[in-house]
Every structure is written in C-alpha cells, then in structure tokens.
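Okay, got some structures for you below.
The two complexes that follow have subunit A in common; it is paired with subunit B in the first and with subunit C in the second.
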Partner chain A sequence: MKRYYDPFMMISIISCVSVLLFILIPLIQMLLAPSWEMITESIRDPDIQRAIGLSLYTSGMAALIAFIIGTPFAYLLARKTFFGKRVVEGIIDLPIVIPHPVIGIAILGIVGKQHWLGAFLHSMGVRLMGTISGIVIVLTFVGMPFYINTVKNGFEAIPVRLEHVSRSLGASFRSTFFRITLPLAFRSIIVGFIMCFARAISEFGAVVVVAYHPMTAPVLIYERFTAYGLKYSQPIAVLLILVSLMLFVALRLISKKDMNI
Partner chain B sequence: MIQIHNLCIQLSEFSLKNINIHIKEHEFFVLLGPTGSGKTLLVESIAGLTPITSGKIIIKGQDMTHAPPEKRKVGIVYQDYALFPHMTVMENIQYGLAYHTHGPDDLQRIQDLMTKTGIIKLSHRKIKHLSGGEKQRIALIRALAVNPSVVLLDEPLSSLDPGFRDDIQNLLKMLHKNTGTTFLMVTHNFAEAFFLGERGAILNQGVLEQCSPVDALFSSPQTPFVARFVGFKNIFRAQIKNNLAKTNHFELEIPPPILPDVDQICFRGEDIQVFSTRPNSNQRNTLYGKIQNIIDRGPYFDLSINVNNTLIHVSMTKSELINNAYCVEKEIYLVIPNQAIHTLAADKTYVENEFPNLGNT
Partner chain C sequence: MKQLQIIILLVIVMLTGIDMTQSMADLSGKLIIFHAGSLSVPFAAMEKHFESKYPGLDILREAGGSTKMARMISEVGKTADIMASADYKVIDKSLIPSHASWNIRFASNQLVLCYTKNSQYASEINQTNWYQILSKKGVIWGHSDPNLDPCGYRSLMVLQLAEKYYKVQGLYDRLIANRPKRNIRPKSVELISLLQTGNMDYAWEYLSVAIQHKLKYVKLDDHINLGNYQLDSYYSHAKVSVSGKKPKSTFLRVGKSCTYGITLIKNAPHKETAVNFLNYLFDPDGGLAILKNMGQPPFIPCRVPTSTMKDKLPELLKKRVVVKN
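This part shows the complex of A and B:
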C-alpha cells in the first residue's frame, strides 16, 4: 500500500528545512571563510583578545546583575497578583522592542551632567560614558528582560503547594525559598543567565552609542569591517562564536539536572 | 482543638461566609462539598496559607488568626502529594525536623511510622521513581514527623487508583488511632467520609450548610442542599401541620418532632417500598403511581414514578426489578415509611423544578 503523506506535514517539513538553511548557511559560510592562518593570527592579536575578553567580562557582569536583581523580582511576578502587574510586565519587555541605538541614546540622556541622576553619579565619581561600567549598564538593560522572563516561567512551573507544605513543616519564607524554590528553579536560572549573557554579548547598537571605546568584540568587528573589509572582520566573529559556544555548553551541562517537578 | 469563629474570606471571585466550626482534639473531621465550594480555601486558611478577611482561628487555645504558617503546628497533605522532587524519601520526611527541637525518641517514632507504613525500604529512593500510593504514604509520614497539632488532608485519596485508595484509607485510620493526632480531611467521597470521619461539615458556595456527626449528615440533612448532596432524590415543598406534610400532589404522615420553619420534606429513593398490588389498606403513606422511566445505573436501577403528575424517584436492585416485572407504564404502589421522611428548613437556594413538575399543581 502506498504510504500517505499529509500535505500539511509536508509543508511543515519544508518550512523546517528552509528555516534551518536560512540560519545555518550564512553562519557556516562565515565559519569556513577565514583560513586557519588568519584564525591563529587573530588569536594572537592583543586587540582582539582584549575585545573578546571585555565582551565576556561585561556580558558576564550584566548576567550576574540580572541574577542578583532579577531573581527576587521574577519570583514576585511568578507568585503574586497585584494591581498594575500587566503594566509592570510590559515595562520589563520594553528593552526587547526598543531599537538598540535608542536604548544607548536613552541611557546617555540620563548619565550626562544635565540630568540629576548623571550629576549625582558624577559627584560620586562614577563615569559611564566611554567606560566599562557604562557598557555593563547598557548590557544589563538589554539582557534583563530575557533573564526575568525565563526565570519567572521557571518559578511559575514550581507548584506553589511545595512552598505551602514547606511552610507548614516549620520553614520560614526565606528557608522555603532557599531550600525548595531556588534549587527547583536552578535550571531556569541557568537558562535565564545564558539568555541574558547571549543577548548581552551580541549587543552592538546601544554599546556603540555609550562606549565606542573600550571596544567590545561586536564594536571591533564593526570597526574592522568598515576599515579593512569583510575578510578581516570574519576571524574575530568566528572566535567570538566559538568562545561563547564553549561557555554556553558548559553552563548547559551544569544545569542538566532532572528535577521532574 | 480548632475553633473557627465567624471566618470570612473575600476573594475577587469567591468568598467564604461566616464559617463557624469547632473540631475536637483527636477527632477525625471530614469536610464535604462539591467542587468549588471553598473546602480547600478553608483548609489553607487554617494552615495560614490564605489571608482571612475577618473572624478568628484558634488552635489549641491560641489565637492563630494572623500567625504565619510555620508557627501553627499544622501539617498539610495534598492530593498531588507535593513531595520535594529534588530530595530523597528520607530527606522529605526529615525536612521539617530542622525547624523543631527533636530527640532520639522523635527519630525512633518516625522510624516506626516508616516501618508500619512500609516505606522504610524506600528511604534513599528519589521521589520520581515511586507509585502514587507510596508517595501519599511519604506525604503523610512527612506531615506527622513534626508532631503537628492537626493534620489537614486535602483530598488525599482522590488521585489514587482504587486499590491504593483502600490501602491509604486503612492507613489513615491506623495513623489516626495510633498517633492520636487530630485530622481534618477534605473529600467529596461519601464512602471515605463514612469510613474515616467522626464528625463532618458540608460546604456549599462558601457557606457552611451543616455540621454534625457524619452519620447524621447522611441520615438527617438539615437543608435542601445537604439533602440533595448526600443523595436524597425526592425533595418537595409542603405545608406541615400536626405531623402531616401536604405537598401539591400528595400527603404524607411524618415523624415527630416537627421543628418550626420547616417547609420541605425529603426521602431517599432506596427507602421507598414498591408493590405491584395495593398493600395492606392500613399501611400509611401509600401512594399510587405509574412507572414513567427506568434508568440502568449498573449496580441498581433508578425508576421515575408519576404520582399525581409529579415524579418520585425510586432506587431498586436488578433482581427486584426483574422479579416483579416492573416496566414503563406499569401501575404500582409506593409505601414511604414515615421514619424515612425528613423535614427541611426554608432555603432560598432551593429550586423545586430540578425535580420535574408535570403541571396540574
């Protein structure tokens, strides 16, 4: 008997293959384009080393800040219903939808001496324009929604009854959070961290407005591209992808625990 | 033991209204009611997991109305077990000990409970590899491990297979007897309530309808809702005077004493005696009717009898139906023993036409 293929399933398979090719072809082309000599030369280039190192450092710091500030916030959003919650959730998502250079301009607007916040930071000796701190602030701004949304979903997936039982057994709210909720949300927290880190490491538009120097990897790629052309920007991009990939795989392996909630 | 005084909880779409319940020490109390009646909300308010709007909750003589859950010494067991999935069986059971002073005696007591319930051999197993029955045993032992004043059970048997359900029922009975702990169990299963409960209450849409010994809940309902809920299929408005209840369709003699403000009567379908021919003429409460419908319910049959243009519902066994050749349109006589008739107080929520009125009233 002739095997029957559902037309919709065929369309789904075709669309799946098309999307995969759409994503993979340019990336594979970019990965294969630079010669081995160019890659090794790039690894030895101190500017490239500094830029990739700075990207990893600032993105890691942004993800860390997101973890510290975003985790209790995500918990609140997951567990409580309050007036204006939808508005708060909408505000969290704003950095995702705003064009990236606009984010940079918005941050510049408040760190200048004309703004009270900028004036206050200046009086405290904090400079954001053209500094690593400025880059971290920008990357936290763009990465925070990815962390909060992921971790919020993780907290929501933990039955509130586990916390109820813990409380009834004598654990305080804090004990319950650290012994029950946080361990069970560990995987979501790692995924949120990765999401925030990934979003931050790829940021160019907002960073270039606030801090062209010191150069992060995306800014250096852009500079090499405009100054020397495609051939000289590709090896840095390949290195950035490889370093990020190794980091993500390592974090995924750490988080690979089956909690079976 | 637990005294609930005028408890009110106002949520956006539901409210518990003026609940008054007193649960005695060592008692097994059951809380019955349909889905969405507020049973779980009441239990969680006793555990301190839901803020209350007004009223008081007193546990062991102490006002716990606004005490945090961890200060109440109230254990809770849910139908979905709520075991901590990242811990072993032993870690789950010993979880609460970190927050209570305990000695070797307590550890020995827990060990004994684990042995009696057959979970000692599972001590080092992860939760995901256990059956529903095993999980529920662990949840029970975990709640009892910290020696709570009361254990709240929120439908602990409803997600179990029938075999496990019987096991856990027996286990609950045994634990209640051996530990002397007060139990409050939410259920909508009458068999469980009968088997385990000493006293009970029935909730309906956030209102306490009746609170009495469990057998009285089923045999002597006080409101039309309770009567319907516990299986009284025949409820009629009636004028009640001098031990005589007069409905629009028939008259029945009812047993004394007659309480004031009663305006309805009810009786169970299975309490009605059915005859093919007119029974002894001295027999009281005899009604003549015609079988209008027969429904096969598996273990028994439901017959709808048209008596003076209203329906009376009768339940009988298959053998009784076959032996007497009862069939639709057959004319029969019903005898309703007056001890089977209960009077009910007025209730605005009662909707008479749930029992079809055939007109001519």
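This part shows the complex of A and C:
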C-alpha cells in the first residue's frame, strides 16, 4: 500500500519542527551549560534567593493589580461599544510596542521632582527610583495589556444571552457579574494572570532604568554577566526558568481542576 | 625647463590621485568599534567625520562599561575591530595577550560632581563645601557601579582622597552612609537622566560627560580629581575593593589618573580599515582635536609604555606614538 503525503502537510511538519528547534536549542544549551555544582551553589547564594524572590513578588503584585483594575475594564471592552473604543484599545497595546528602556525613562520622567506628580510624591516622602514600589509600577505597566487583552477575549466568548437570562430572572447587574460571568471567565482570567506575570518576570530593560538596586533576577543576571561573565549568570537564569515553570504549571493545574467541578 | 616642471607636477598630482583613490577604495565595508560609554559623544563625531571621508564605510559603534565591553570580546566572543576603554588597564587585564597585543594611551579625563539648577543647595555648592553638602540628610547623590564601570570605583577613590586631602577623619564612611544602594547605577552616563528628571541632586561624572551634556559641575582640586598623572603617587593612596573573577571574590583597585586606552583586536575582521581609523584618531588635527574640544584632554602624541610594545604596532601607527610611561 502506498501512502500519500500531502505536500502542504509535509511543509507544516517541517515548519513545526524548525520552530520547536529554534526555541529549544538555545534554551537547552543554556540549561545544560552550568554544572550541577554551580546550580546548587547558586541555590544557596542569598543574593540569588533574594533576587528571584523579589522578581516573583513584584511580578505577582503587578499581576494582582492587573487583576483588580483590569478585570472590570476588560469586561467593559468586551461588552460595550462606545465612541473611540478602537483608540482606547490602541492605547492599551502601547506598552507592548514601546521599547522597554523608553518605558523606564518615561516613568522616571514623572516620578522626579521636575514633574508635578514626582514633586508631590517627594513631598509625601514617596520615592519610586530604586524602590520595590517603583519596580511594581514598571511591571504593571508592561504586563497590563497582556492581562486586559486575554480577559477581554474571555469575556467576549461568554454568550451575552446567559447574562440576560440571569438578569431576567431577577439577579442584579453585580450579582450576575459575580455569579455568572466571572466564574465562566475564570479560566481566561487565570491565563491572563499568567501572561501578565510571565511578561513581568521577564522584564529587564524598563526595570533597570528605574531600579538597579534592589536587584530583580533579570537585573542580577545582567550584573553577574557583566561583572563575572557568562558562567556565573547562567545558573541564575536556569533557576529563574525552573521556578517560573513550576509556578505556571501549578497555576494551569488550578484552573483545570476548577473547570472540572 | 618650465614645461618639465609642469609635467613633473602633473605626474605627482596624478600619482597621489591614484594613491588616494586606492586608499579610498580600500576603506569600504564595516568597522566595528566597542568603546566606553564616556567616549560616546566624541566617537560619534569622529564616526561622522571619518565616514564623510570614506562614503563606502559604515562604522558600527557599541558603547558600554569598559569592563563589560572587554568581556563581550574575551568571554562572549563578540566580533570587534577596535576596543577603547576608559581605563587603559582594562585592556591590559582582560584582552592582552590573547585578544590584543598592544595598548595605546590616547586621552585623559577627570572626575567632577555634576548637578542641575534644580538640585538641592545648587546655589551654595563650591569646591570647598561640596563634601559637607553631600553629607546632608535628604541630598540624593549617586555614582555608577564600581564593579561594572571604572567611573564607579573612581568616584569612590575621589571620596577617599578627599578625606585625606581635607584631613577630615571618617569623611568617606560618613558620605557612603548617606548614599543608599539604590543610588548606584550600572553606567555613569545613566545618572544624567536621573539628574535631569529631578530623581537625583548630584552625580559623579567625568568632566567630558559634564561638558558634553551641558551639566553644571563642581571642579575639584587636582589632588583628588584623578586628572593629573603627575599626582599618580598621591592617587595611589585610594584603594577600592571591586569584584574579582567570580562572585564573592574581590580585588583592590589602586587610585591612578584617568587614562584612556585603545587597542586593535587580534582577529579583527576589518583590520586595514581599523588601522586607518586609528591613524585618524591619533592625528592631532583629526580625532585628538575632537577629543580636546569635548573636554577629554588628549595625549599629543599618544603613548605606549615600552619600546617592545611600540615595535608590535602596525607601521602606520608607529609614527603617531611615543614611548613614555
């Protein structure tokens, strides 16, 4: 029996393999480069522990802020049409296209004493340059579009009919949102949270402009790379990848489990 | 007789003409230069000038902390033709002998304390009271990372020398105690944006950077500004510990005047163009004039420490340097 191979199918398979290799080869090289000794030594290094901890904390905070502020906004974008909606959606996407250092510079520009907002913050004793709050603000800025876009798509996928039924049965707008819409959008909210978290944890360019100290993991990787070379920056990168991977797998599992109930 | 003279003149003109077109034809393609962040402005000017002479040539510059740029070549294996460092010792330490064979000192600099008109105490600060203002609570000042940027450890050296020069016991520790870690940046040039946005009141920079960015600055006494190589023995009292070859290891940097070094990378892909560019850079009417105008006093002529090193230089460059330690 002769099998027939569709040429398009062949091209698809070839492109699939090339893309996977393209992503995996450099990552595998980096994962395998440091010796086991270097990795265990890095796990015990308090500077590295602190940097990874800070990265997780600040990115988590950014994702949490995106969740609190972004969810109602995403709902609005999914359900309502209004004048200038396209412009609003374009503005949401801006942080994705602006070069990262520019974001950092822009934020520094408003938190310095030269700007009224910065002058006000300084008079209140709030410093954003080189502080954890500064890092969280930067990460929220870069992560927000990923959260809002994902959750907006999630809300759009829920039939508006269900909300109408709930409302016609006497449920208030608020109660419909919390008891019908939100549970149905739960999975996309988790995915949005992960996307925002992931985007935030990988951010370097904007963070290093606003805060070099305290060091997040990407900044520490950069510092170790420039001060000591490749060999000493790789183990931190490996640890950061592993920690993030565990976290994201865990979050995916949570969302799966809840969907099955 | 007159005709003969004219013919000879014409022949000479033609020959030099051919010679020029030949050398112009040779200098095309690319030239990759890695240099210290503090050389960005003069090198940009040189790039423009040199490229206008050779339209087929494209100079690609990459700026960063000198230690980092040298590492990019020696450890990451990035390709470059020329490396110019803000501390000539970086070339000795991380590029010679495997990636370079000589090191030419071509310019000097000094440290100044930069500020803007909106900085706290901007109207009061001067050459004698600057360290009192930097010890005041609430004054935000910073310097670059001593482990990544020569300007960083040099800033600390200035503070140590100030303690000695002004005979104020404990001045260095008191100043550092008033400078939280968050005021440290990887590169000194980054501090400028912090000054300009009002996130910082004072920052340690090179004189050239202050002039190029039109900042206000306090010029310090020669004994502490690290700008006069005749005071090298005085500068050597300052000792700053910086990170060594691996995390947690350290070594001592001893104070020395700010001297820029430049070298040709051994496996440079555009060697001939690179040598021609260096020849232009070392020309007192070429690159050195640009450096002079931008606050980076050049060495005219440029210097190498030993005659053995001079022998290793490309022929074209030998006439541009003298042996002087």
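By our rule, the second predicted complex is superposed on the first by the 255 of 261 C-alpha atoms of A that agree within 3 Å, B and C clash if a C-alpha of one lies under 4 Å from a C-alpha of the other, contacts with A are read in each partner's own complex, and residues count from 1 in each chain.
Here, contacts are C-beta pairs under 8 Å (C-beta built on N, C-alpha and C of every residue); 3 or more make two chains touch, one makes a residue touch a chain.
Quantities reported herein were computed from a predicted structural model and do not represent experimental measurements.
Asks: So in the superposed three-chain picture, is A:171 touching just subunit B, just subunit C, both, or none of them (first/second/both/neither)?
Replies: first
Asks: Applying the touch criterion given at the start, work out whether A:64 contacts subunit B, subunit C, both or neither, answering first, second, both or neither.
Replies: A:64 sits against neither subunit B nor subunit C.
Asks: After superposition on the shared chain, which partner residues are touched by A:131: those of subunit B (first), subunit C (second), both, or neither?
Replies: A:131 contacts subunit C only, not subunit B.
Asks: After superposition on the shared chain, which partner residues are touched by A:184: those of subunit B (first), subunit C (second), both, or neither?
Replies: first
Asks: Based on the superposed arrangement, let me know which partner A:162 touches: subunit B (first), subunit C (second), both, or neither?
Replies: first
Asks: Check whether A:243 is in contact with subunit B, with subunit C, with both or with neither, and answer first, second, both or neither.
Replies: It touches nothing on subunit B or subunit C.
Asks: Check whether A:106 is in contact with subunit B, with subunit C, with both or with neither, and answer first, second, both or neither.
Replies: Neither partner.
Asks: Return the chain, subunit B or subunit C, that is in touch with more residues of subunit A.
Replies: C
Asks: State the interface residues of subunit C toward subunit A in the complex, per the touch definition above.
Replies: 64-65, 67-68, 71, 75-76, 118, 145, 147-148, 180-186, 190, 193-194, 196-200, 243, 245-247
Asks: Within the complex, which stretch of subunit A touches subunit C?
Replies: Touching subunit C: residues 45, 47, 105, 108-109, 111-115, 118-119, 127, 129-131, 208-209, 211-214, 222-224, 226-230, 232 of subunit A.
Asks: Considering only the defined contacts, which subunit A positions touch subunit B in the complex?
Replies: 159, 161-162, 164-173, 175, 179-180, 183-184, 257-261
Asks: Please give the residue numbers of subunit B that touch subunit A in the complex, ascending.
Replies: Within the complex, subunit B contacts subunit A at residues 44, 47-49, 68-70, 72, 74-76, 78, 80, 82, 84-86, 95-96, 98-100, 127-128, 139, 142-143, 146, 148, 152.
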